[in-house]
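There are structures below to look over.
Here chain A shows up in two complexes: once beside chain B, once beside chain C.
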Partner chain A sequence: MHLTMPRSWPKTGLMRRRMFWAYAFVAIPVLWLVVFSLGPILFSGWVSLHQWNMLTPVRDMPYVGLENYEYIFTRDRVFPLALKNTFKFAIGGVSINVVLGLAFALLLNSKIKGRTVWRVLYFLPVITSPIALAVIFAFMFNRNYGLLNSLLVMVGLPRQGFLNDPNQALYVLIAIAVYQYLGYYIVIYLAGLQGIPQDYYDAARVDGANSWQAFWHITLPLLRPVTLFVIVTNSIGALQVFDLVFATTGGAPANSTMTIVLHMYNTAFKFSRMGRASAMAFTLFAIILFITIVQLRLLRDRTYED
Partner chain B sequence: MNAKRVISVFSLLAILIVGAVPLTSAQEPIKLTVLTHWGEERLLNAQQAVFDEYTALHPNVTFELITVPFEELYTKIITLRTAGESPDIYHLYNLWLPEFVTSGMLSTPPDELVDAVVANTSPGIVEGTTFADQIWGYPTEVNTYLLLYNKRLLEEAGYSEPPSNWDELVEIASAITQVDDTGAVKQVGFAVITGWDSGVVHPFASLLFSNGGDYLSDDYMTVAFDSEAGLETLQLYERLLETRGMDMSISGWDFPTGNIGMIIMANWWRATLMASENIDYETEVGVAPIPVGPSGTETSTLSYNWLWAVDQGSEYPEEAWEFILWLNSPRGEGQSSPMGDILVHEFGAIPSNIFDQEVYADLYSDHFLAPFVASTAYARPEPLVGGSQEIKTLLQTEIEALLSGMTDAQSVLDYVAPEANAILEEFRMAAE
Partner chain C sequence: MRGTGTALSKLGTAAKYMILIGTAVLLVFPFVWMIDASLMTSGEIQSRPPVWLPKSPQFSNYPELLDNLPLGRFYLNSLIVTGATVIGVLFTSSLAGYAFAKYQFPGRVILFYMILATLMIPTFVTLIPVFYIVRQLGWIDSYAGLILPGISSAYGIFFMRQFIYSIPDELIDAARIDGATELRIYWRIVLPLTKPALATLGTFVFIGSWNSFLWPLLVVNSRELYTVPLGLNSLRTFAAEARSLHLLVSGTVLSVIPTLILFVFLQRYFIQGIALSGLKG
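And now, the complex of A and B:
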């Protein structure tokens, strides 16, 4: 029997039973989402309109309206700095991941020797604990005894502060983040590349196209959905960066690596200002939603439209 | 009705009444949950030993211990409270008292315990355990800050004595710092522990006090560190950086590795220094009063303490307070308390109880601890006021910006003081 979605509730008993069970099975994950995702989001939105230190009962929270939002946009000196740092982190990390991810995927898609080993090596950091990586890189970037500075000295360059230098620390964190997650995006691009039919390249060769032309007119357009996925997921993750910063610099030196989620964490759990932290959370949610919508509209697959 | 029947009825009534009375605490099994930040194995063992000792005396009382690292303790307390799973007993940093008390989180101690605190501890410690004219628990360790110095590094730089004023501090620190040909800082004269609010602000406050300054106004309504004394204290850091007496590439935590000349730190670091393989505790670690600043007349320092407290929602507040009182009472005539034993043997900390200090008087003649014990007589307690944690973090961030060369001393005060005053006012109005 061919099952399609009926336009109205089915009249026959068999179809009615099937529809009932379909909705019943779907209801479970939906209920889970409502209780553990939507519910907390709505609660957080409500808390953002109150002052709450988490030490007093929720029912005793004083209502303050938009005061928390007004504070973070007009009086909180750290919030705009954290926002700026977060955007820098996201733009830097996403750009590098897209470019390098595709570049390495192209290399690993070619017939090089030991490509399986290379694929494993690139993916290993992805499955490594971010905290462990943070600790290791903190040592590697140490100004006095770190490996990187030792290499710089060997080639006659001056030592750098790296994570201790407020002008460099954020870029070092971007580098660490790229190191950790590049392998994941390489794998995504590899899957995309392997989904492009070879016929297109054969036809292009017959027409006299060179490698660059094949890449520009065939590979890139057909990878558009993959690129969209990489950019959107990477952006969402980068804008919410926390563990790497928390484990390495804690926002130091002097808030030069402070990010939105870390500032939110400090506001909630160090200063007991959950209302203000919730306001930040909702602001971040709105920003991510806006950026994602823009990305989806700009980068949506126009293959069939064209 | 004959007498036998009357007696029978009354006897039956008496039996029913007695049988309906709830079991006494001596019989009902009780489990007390205790939250501390002492998670190292030797400290876990020490705590468990004390719990076992108490259980042997009170078989119906057992304990469940929850430990988290110090930096997670405040978060743990508020998340447990939000989840409705608060422990019965907390070991708290006294700076958190204003928030916890105004939120109604803590149980009021019984008079017996309050009397014991007043009788057995010094006025400064009583003050550190008091908020809104009420003592909220039994104080445990008291910590102060003094100048720790590496005698070997000072002697190699040509100095046999530690600095007594700020000019000497800058001079000695600059002389100790060594940078090799590649620019690597091999050793530094003075260091600050960054990335931790107490690591930055407590030494700052100690220097401020030794420069004749105050942290808050006498009525706690406004900050007082934005004075000339406060500006000079921050300018001391600028001088140390300019003269290379301090370099932020070396963390203050590295003092036990033997490459830092001087640091302002607390007495609880004793165990770490004793365990260090790079600095000889007996012959190389020196302790001196905080150097006096240009606007000061005598040395001073900051003190803070921890205390045991009971949750307002505890199912067994009487039993919890009873345990805390036992924990901090002498085992016998002329003996120390179980808490005193843990503080002394496991931390090298200074117990709040005077009788514990007397029992361990020999230990406190130790070259490291003796100055710290003496400093408790003149140390100024960290002010307990609503918003103090937030102000501390604010000060920490701006001082770290100064140390990173991103701002100057005056700008730090110009920004922090109004923000801190706004925080103080906000908490004051909320409390009213």
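And now, the complex of A and C:
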């Protein structure tokens, strides 16, 4: 980034007029971010320390200290479950996406015909609305007439509950999420692979390295920032999952697919417990912030190594 | 030796294509099934063992759907909301991005770091306050409520600043010497030169806004303002109650097809944009 400050600020009229224009250009975008993003996050933290149903005026909210946090972690039966489910969902999806994303990127990066066509096909689910995919997969995984159960019966296996089975529903949701976003991570890995200079591989071959060694000692280490990016963006996205769960199970059966944002949504907009919901939001925000900071740290360490 | 080598590599190539084709079939199958099932009767969709092709294609499913659901209205709403959001984000991002890339002014560094910090704020954390603010402004259940909170994007500003930074200063200075006003330079020089970046950012914002669900769900009450995902969601509950699954499937087809077509035409911008964002990260 090039954000060096000039030693002194321009004093001539012409320069001043330019400065005026610069302020005019940034005024609305910055004001908007303050009103709809930065301000709200402070407000959200403030609300998490109060009891509020959004009907009483803001200045009359009773202050309750950390009681909302205490409540969601010790007395709310659903929140710890939602926390566990959300983490399971994120970790499951991320690990599959990293492995399969890299594997398919390697396949597509080798000599292959019709690369654009493959990319387009693999990318179709990424741009499709999660609600539409949820509807289609609810059909596919239907306990009674879904195609997957018919397939199981055909090969002589018993029918499964899938989205109706508390032991399976979350894994089905992970599968649908991987289906939707795998193409995105393939494209990112593919871009990463194409950024590695061919010279490295040529040099390795001259030194007698086989392709497995080249993968292990050149491809993987050089892809480290890409993998880090995939892990972080995917975790951040998966930790906020809402649409898919809302339109398939709604958190059922037995809260086995209840996620943090869905529980927060219910707490806030069904039960009007804004304080508790804000405490949940802030807890998840802290987790996401932590992941982002770890990513920045790891990326900086890497530049020192170089 | 050489013979086995080529045979092996041929086998490897065959395996490669098998995996690629198999996965592509798996990925496309739900879409194909959806179109197939949209022409079935409700009974055929639920039959055990499954029906693969409808006995006689029920093209009437589509007119029947449109009689029950004002999908045209939902499309219009989605177009208005998405169109306004895309234009708004492109305009604010390119303006602010230009200022941050090419102007010197007190507070520039602090404001830019502020925008970078905003990048890390997930939308759900601000959901309750933004809902409250929008309600205080009287924008609940209106286009304003659907559109206005989303017309400025920290990511967009950052993205445009990085792109505009690479435009040579000489071009801008030359225009200044010719007597062009600052606004005219933005409009006539900067904007045309950033077309590829605008196209990429525009496709991202389009898909995000078109598929957006949680915010419209909160801010809209009346059916006249439903966007396509909200309409599909209401169709989900309606179809379950009315036992008309065929309408749900044909509704899903109609909700998905436009984005698919758009994507096939614009896929270049997408893939470029994603590749860029991935490498930068």
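As a working rule, the second predicted complex is superposed on the first by the 262 of 306 C-alpha atoms of A that agree within 3 Å, B and C clash if a C-alpha of one lies under 4 Å from a C-alpha of the other, contacts with A are read in each partner's own complex, and residues count from 1 in each chain.
Following the convention adopted for this analysis, a contact is a pair of C-beta atoms (placed from the backbone, for glycine too) under 8 Å apart; a residue touches a chain by one contact, two chains touch by 3 or more.
This structure is a prediction, so every number in the text was calculated from the model and none was measured.
Asks: Given the touch rule stated above, what does A:37 touch, chain B (first), chain C (second), both, or neither?
Replies: The answer is second: A:37 touches chain C but not chain B.
Asks: Check whether chain B or chain C contacts more residues of chain A in the superposed model.
Replies: With both complexes superposed on chain A, more residues of chain A are touched by C.
Asks: If we overlay the two complexes on their shared chain A, which of chain B and chain C does A:294 touch? Say first, second, both or neither.
Replies: neither
Asks: Check whether A:179 is in contact with chain B, with chain C, with both or with neither, and answer first, second, both or neither.
Replies: The answer is second: A:179 touches chain C but not chain B.
Asks: For A:91, is the partner it touches chain B (first), chain C (second), both, or none of the two (neither)?
Replies: Neither: A:91 stays clear of chain B and chain C.
Asks: After superposition on the shared chain, which partner residues are touched by A:270: those of chain B (first), chain C (second), both, or neither?
Replies: A:270 sits against chain B, while chain C stays out of touch.
Asks: So, A:54: does it touch chain B (first), chain C (second), both, or neither?
Replies: In the superposition, A:54 touches chain B and chain C alike.
Asks: Please work out whether A:203 is in contact with chain B alone, chain C alone, both, or neither, and reply first, second, both or neither.
Replies: Touch partners of A:203: none, neither chain B nor chain C.
Asks: Determine, under the contact definition given at the top, whether A:18 touches first (chain B), second (chain C), both, or neither.
Replies: Touch partner of A:18: chain C, not chain B.
Asks: Check whether A:139 is in contact with chain B, with chain C, with both or with neither, and answer first, second, both or neither.
Replies: A:139 sits against chain C, while chain B stays out of touch.
Asks: Would you tell me the residues on chain A in contact with chain B in one complex that are also in contact with chain C in the other?
Replies: 54, 144-145, 153, 269
Asks: In the complex, go through chain A and note every residue touching chain C.
Replies: So the residues of chain A touching chain C come out as 2-3, 5-6, 9-10, 17-19, 21-23, 25-26, 28-30, 32-33, 35-41, 43-44, 47, 54, 104, 107-108, 110, 112, 116, 118-125, 127-133, 135-137, 139-140, 144-145, 147, 150, 153-154, 179, 183-184, 187-188, 190-192, 195, 225-226, 228-230, 232-233, 236, 240, 242-243, 246-247, 261, 264-265, 268-269, 274, 277-278, 281-282, 284-285, 288-289, 292.
Asks: For chain A, which residues count as touching chain B in their complex?
Replies: 51, 53-56, 77-78, 142-145, 149, 153, 158-159, 161, 164-166, 249-250, 252-256, 266, 269-272
Asks: Spell out the residues on chain B that touch chain A in their complex, using ranges where they run on.
Replies: For chain B paired with chain A, touching residues are 74-75, 78-79, 81-82, 99-100, 103-105, 182-186, 194-195, 248-250, 389-390, 393, 397-398, 400-401, 403-404, 406-407, 415, 430.
Asks: If you look only at chain C, which of its residues touch chain A in the complex?
Replies: Counting only chain C, the residues touching chain A are 16-17, 19-20, 23-24, 27-28, 30-31, 33-34, 37, 45-50, 92-93, 95-96, 98-100, 103-106, 108-109, 111-112, 114-115, 117-118, 120-130, 132-133, 149-152, 154, 157, 165, 182-183, 186, 207, 210-211, 213-214, 218, 228-229, 232-233, 236, 245, 248-249, 252, 255-256, 259-260, 263-264, 267, 270-271, 274-276, 278-279, 281.
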